[in-house]
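Pasting a structure here, questions to come.
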C-alpha cells in the first residue's frame, strides 16, 4: 500500500466523527451568543474574585493559583500581565557552583532552574560539575544588539531606492529620533534590505542591562514616525516590524547576524574528568558527537546542538526572562574536538535575550532567582548572557556523555519514577 | 571604513579587559577548589533549609522562592525536579471564552496564560474576542506522532544496508519490543535514513494523552536493545537518539513531517468584526500580511508566522507542559486571504507537544490551569493541542491587526507603563 | 557611521542615474511598439537564416553558433528546444579511470566533464586518482523516486479532510490512472500534506532509466484529472504542481526525503595515498574538514559540502542531463573521519536527477559523452547516478586536500593563467 | 505495515545483489592495477588523438565531440579546461525582444538560451512577450559584492578575540594587500564571525565586469598571507575559504547578504495582457501564486520561487558563465500581487554571478551568445545581471500562468513530442 500506514490509521480514527452531516457541523462556525470575560489591567483581590466566580473551575483550582501568599497584593503584577487570576508555581532546582571565567561573568555561580521535567536539573548539574572540575567555562559576549526591522512600502523600485538614499542622508536625525525615546538604547547599526518596492530597515540596538524588546519597539516607532513625517518620497504604508527581525522565532537571519547577545562558551575537559565525572571516554563522546552533528545536519536544524532549549527555558523562567524568547535563543552551534587526550567543548549562541532589569525580573520570586545567581539589578545583563551560554554548554556535555555511555534512558526513567 | 561600526564599538568596549596579561588570565581555567552543592532527589523541608544555608542569597530571596504555601510538602515535586529550592511564581492571566469548533476541542474555553510580558494576554484576548464573534475557530488534529530517531553505526555501506534489510524483516518483533514498555505508546511508523555507514531509524509513536517524550525514549531504547541483541550484522555503536528527530529544536524535519500533533485552526472573520473588534480593515490586514510573509521568507524563518512562541510559552507554563518544547512547537504557517469581503485566517502548526497527563500536569497549580480550561486528565490530549493552535491563531490575528493599524507600539508602551 | 560602507558606496554609484526626473523615467514602462521574433518549433536551415537576419549580431557570432557542423540538420534538436539559432560549444575534459565499486556502477570509468572553469577537471582528476589508488569508491543508490506534488484547494478544513479520505479509499484507481500514461513510471508512494483547506499530494515515482521529470508530470496530471472527475467533494482549484516537490530548487523537503536518486559514495584513503597523491596529511584534512563543516553550519547551507555543483554541472552538461537540476542536486552531506591512520570520506546526495535515455541524452555529442562513460542507453540510469556521486566525492577529496595544504589558490591562479 | 512501501520495494530490488558473500564483495575496494589518463594542460590535436585512442568510445563519439569545426585549434580552450577531448554542442534558442527598463540594462534584448529541455525556451518567450507588451521589465542592481570567507584557527577564545582586534587595527594594510593582486577587485566590506577559537572573515569585493570568483580568491589569499606574516597572535591554521561564503551552493548567508549581484526586476501586467498573452486571468494567477508560495514555505525552500534554475542555467551556458553557480543563483523571491485590476509581478535575486569578461565569456560561441544580447565585453556586467533577473521574472510569469490555466502539462507533452 503506497499510502503510509500512520496516515491511514489517523484517518480511520477521525472518520467516525464525520460520517453524517450532523457530525460535520461540529467544526462549522457557531454564532450563538457568548459573554466575554471583562478585561482587567490592574488586578486587585476583587478582580480576582470576580474572575474565579465566572471560571467555574472549582475551589481547588482557585486555591492552587490564587493562593494568599502570591496574590496578597495582585497589583504587583500589573505591569507584567493583564486579566490576572493567580500564579502558577514552577518548581526551581539549583545547580552549582558552576565556575565561569568570563569577560563579563566571573566566579562560581549557583544557577536556579525552573522546570517540571525530571532529570533536567540533575543532568545539567552533572555537566556543571565536570566543567567546574576542569577549571570552569570560558565565556565572552562576542556581539550584541537587539534587532527591529520596520518595513516601508512604496509604489515601486524607484521610490524604494530613493527612500534608501534619503535614509542614508538623514541617518543622524533618524538615530536621534530613535534614541530620544530611551535612556539605555543606542542604535548601533542600520542596514536596508530592498525587495522591489518594499524596504526593510534592519535596526540594531544595544539595550543596556535590559532584554530590551519593548525599548527597541518604541525607539523604532519614533524612527519610523520621523521618516514618515520628513521624507519627501511618498510612503504607501509602514510597519514598525516587518516580521524580518527574527523576534521570537528561529530564523536564519538571527542565527547569522545575532539578535540579543552572541556568546561563546568553552572548556577543555581533561581525560580524567570525562572518565570520572561523566563515566565515559573522550573517544566515545567524540564518536557520538559526530553522529549528533550529522543528525542535526540531516534533519535541517537551524544550528547544530542537542538541547539548549532545556536549560534556557528553565533559566529564563527562574529569572523572569521572556520564556517565548526560547524560540529564538535555542539555536546555536555545539562543537566537541580532541585536544590531545582531552576534550574541547564549546557552544556559540547568537541569540541570547536576557536582562537583569525590566520585564519579569522585578517580581519577587524572579528577582530571588537572580539573587541566587548574584546577578540581580543593573550592571549584570552581559554576565547573565554568559551564564546562559555556560549553562547550555554544561547541558551539552552532559547529554553527549549520557548518550555516548548509553545512560540517557536510564536517567530519565529513574528520575521520573515517582509518577 | 569597511568594518561595521557596531563591530568596532563592541571591540573597543571589550578591549580594555585584555590590555594586560593579568586581564587576559580572566578567562583562563581556574582550578582552585570548589565545593559542589549536594544533589537531592526527593526534596524535604530539611533539604530546602540546607540549600538555602549554602546559597547565601538573603532571606528575601528565600521567602520569595521557598514560601510556606508552595513548599509545605516539597516531596510533591520529586518526580518533576531535582535539587529543589522553591517555586517561582509566574503570574497567570485568563482570556475567554474562546469558542472552538474542533474535531477534538468543542466549546467555549477560558484559557490561562502564564507570562511576565505586558500586553500578551490583552493582545491574545482581543484576537480571541474577534474569532469568537466570528463563530469560533475550526480546528483539527491532522497528524500525530512523537518522533525518536536512534542511530546505528556500522563498518560501512554494506553493513548499513544489511541492517536496514534486517530491520524490515524483523519489524514485528521490534515493534513488540518497543510497545512492551508502555501501555499508551504505539509505534505507528518506522523509516530508515542511511548516510553511508550510519542508519537513523525515524520512529513515530502515538502517545495517548501524554506529551510522551519519556515514553518514546524508553520504548525506543527497548527497540534498540532488541536490535542490538538479535541482529547478526555487527553494530559498532548505537544511540537511542541520533539528534535527528528534532526534539526541542526548530528543524526542517519536524516542520515537514510533524512531531507531536499537527493541527490546523482557521476562522473567517467578517468585515464587520475586523472593523469593530480589531479597529482596522480587511484590506489593511492583508496588506500587512503580505509584508509579514515576505519578511518571514527573507529572514529565513522555519515556517512563516508572527509570534506563536508568545501564546505557546504562556499556555505551556500555565498548564504544566514542557516549556522547552516551545523551541520546536513555535514553528508553522499563518495564512490570511480575502474571502469576498471577509478575511480567512489560518494557522497550521506541525509540532505541538502537549499532554493532559504526565510531566508537570499533575502539580497543583498546573493542574489548576488545566481545570480552568476544563481539560485536566485523561482523554483531553488532542483537545489541548487544538486549543494551543486556536490560541496561536488568535495571537496572529491580533498582532497583524495591531501592526496594520499602527497600534502595536502604543499597546506595548501603555500596558508596561507601571514599570 | 552606522550604515555599512558598501551600502553607501553602492548608493553613490547609482544616485547619478536618478538626479533628474528624466533619468528616473529610465526604469518606467515604455510602450513603444516592438516586433517579436516569430516562434519556431521545428528548426530548419531556413528558420536559422531568418533568425540571424533579425538578430543583427554579426557574422562572427553566427559562424560560432550556427556552424555547418552542428547545424547541418537542425531538426535533430526539435524535441529539445524551440527557436533554435545554433549550438554553444562547451569544452569537455576527461578524467579517469575512476574506479567505482557500486551496487549499480561497477568498473573503471572515464568521466567527461563540460566546463569553462579552469582547474575544475584537474582538481576532480586528482581526487579520482587518489580514490582509485585506494581501491575505488563504494557506491549505492539508497532510495529512488521523482516527486511531483499536485495541490487541491477546498472550501475549508472539512472538505480537505474528506478529500484525503477519498484519496485513501480510491488509491488503486488513482495509481492506475497515473501509470496508464507511462510504460516506465510507477507510483510508489503518495503522502498527503494538509494546510487547512489546501491538500498537497506528495507523489513519488520510479522512472526507469529516464530522469523522468516530464513523465511524472504527465502521470500526475492524469491522476489529478481522475480525482477531479470522480471525487464527490467539491474541488475549488487544482494544480499539477503546488511548488512543494522541490523541483529544480534547493529545499529541505528534497534534502530530507530524496528526489530522484539518493546515493552514498565512500572510500577509505590510506595515509600513504593522502600523502603522496594529495600532498597533505590525514590530520590536516581532518582539521580543515572540521572548519568546513562549521562554515557550512554557520552559513545555513542546505546540507554540508564544498562544491558538488562544480562536478555535477560539468557532468550534467557533458551527458545531456538537465543542467537546471544542479539547483536541487548540488545538496548533500560530505563526511571525513579518521579510520585508524587512514581517512574515511563519504558523500550522501539525496537529489541526483539523471537519466541515460530521454531529455538531451540522445543528441549526438551528449550521447557521445555517455559513450565515453560506457553508460549510453537503457539499463544505465542507476549506474550514472552512482557515477555522479562518486565524482562528487572525488571533488570533495581534492578541494579539502587543496585547502588543507594551502594549494587551492595557486592551482586556480596557474591553470587560468592564459587569460 | 509501518515501514513505507517504497522502502521495502527498494530493498527487495537491491537484496538480490547481496545474497552471497561473493556479491557483497562487489562494493569492496579493488586494488588491481589501473593506468590513469595522462593530464594535459594545453590541448593540441595530438593530445586529443591520444585521449581518444585510450577512451575506446567509438568513432561516432569522437566525431560528435572532437569535430573538426570546434576543435580546429584546441589551444583556444587552454585557459578554460584541462584534459580536453572535444566540445559538447548544447542547442541554443532565442527569445525576444525582451524589453528591459533597467538602471543598467536599457533596451530591447534578444536572449540566447542553451538547453536540451523542450518547452523551456517557448515558456520563457511567452513570459517575455507578455512583459514586453506591458511596457517592459524594470530592473535594478541593488547590491553587489562577491564573498570570500577565509578561516583562522586559534588556541582559544582569547586569541580569536585578539586577532579580530588586530584585524580592525590593520584593516588598511589588509585591504591594500588584497587589492594589490587585482586591477578590478575592491574590498568593500569585511566582517568577522567568531565561533569560540575560529574566526571567519567575511570579505566582500566588487569585481568590475567579471564574475570574479578567481579574482577574490587570489586577493583573499594575499590578505591572509599578510595577516599570517604580520599578526603577532599565533595562528594555528588558516584557510583561504572556510566554506562559509556560500560559494556554489544554496545558503542562508548568500540569500540574506547577497553574493555577486542582487537584482530586483518587476512589471505590472495589465489585465488585458494577462488574458490575451497568457490566456488566463489575474485572479487565477493570484490564486495559484498563493498556493505556490505556501508550497515553497511548507517544503522549506531557500527563498520562494518556481524555476529560476531553468532560465539561469540556459543563460549561463549560452553566455559562458559558470554553470555551477546556478546552485547559488537559483534562489530568490517571486511576488505576485493585485494592483487594481492588474498584476504586479517581481523577482528579487540576491546571488546572480555573471560577468561579460573572464571565465568562459571569451570562447567563440559563448562570446557569440553575449553578442546576440549586445553585451559582449567590458562595461556590461551589471546589465547582464539585470537581464538574468528580467529573464527569470518572465519564466515565473509564464509558469504561474500555465499552472493557473492548467496548460502546464500539455505544453510539455506537446513540445517534447518528437522523442
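Observations, loosely collected:
Just so it is clear, A, B, C and D label the chains in written order, and each chain counts residues from 1 on its own.
Quick note on the criterion: contacts are C-beta pairs under 8 Å (C-beta built on N, C-alpha and C of every residue); 3 or more make two chains touch, one makes a residue touch a chain.
Just so you know, these numbers come straight off a predicted model, no measurement behind them.
Shared contact partners of chain A and chain B, listed by label: C, D. For A-D, the matching interface among the pairs B-C, A-B or A-C, defined by over half of the contact pairs being the same residue numbers, is B-C. A separation of 38 Å divides the Cα centre of chain B from that of chain D. Remark: chain B and chain C have CA centroids separated by 37 Å (rounded to whole angstrom). Rounded to whole angstrom units, the spacing between the C-alpha centres of chain C and chain D is 11.
Counting only residues that touch two or more partner chains, chain D has 1-2, 4-7, 14, 27-28, 138-140, 142, 157-158, 161, 188-189, 195, 252-253, 255-256, 293-294, 296, 298-300, 302-303, 333, 335. Taken as a contact graph, with one node per protein chain and an edge wherever two chains touch, the assembly is complete, since every chain touches every other chain. Chain B meets chain D in the complex at residues 1-4, 7-8, 11, 14-15, 18, 24, 27-28, 157-158, 161-162, 164-165, 167-168, 171, 175, 187-192, 252, 255-256, 290, 293-294, 296-300, 302-304, 333, 335, 337.
Contact residues of chain C toward chain B in the complex are 1-2, 4-6, 138-140, 142, 156-158, 161, 194-197, 252-253, 255-257, 264-266, 300, 333, 335, 346, 348.
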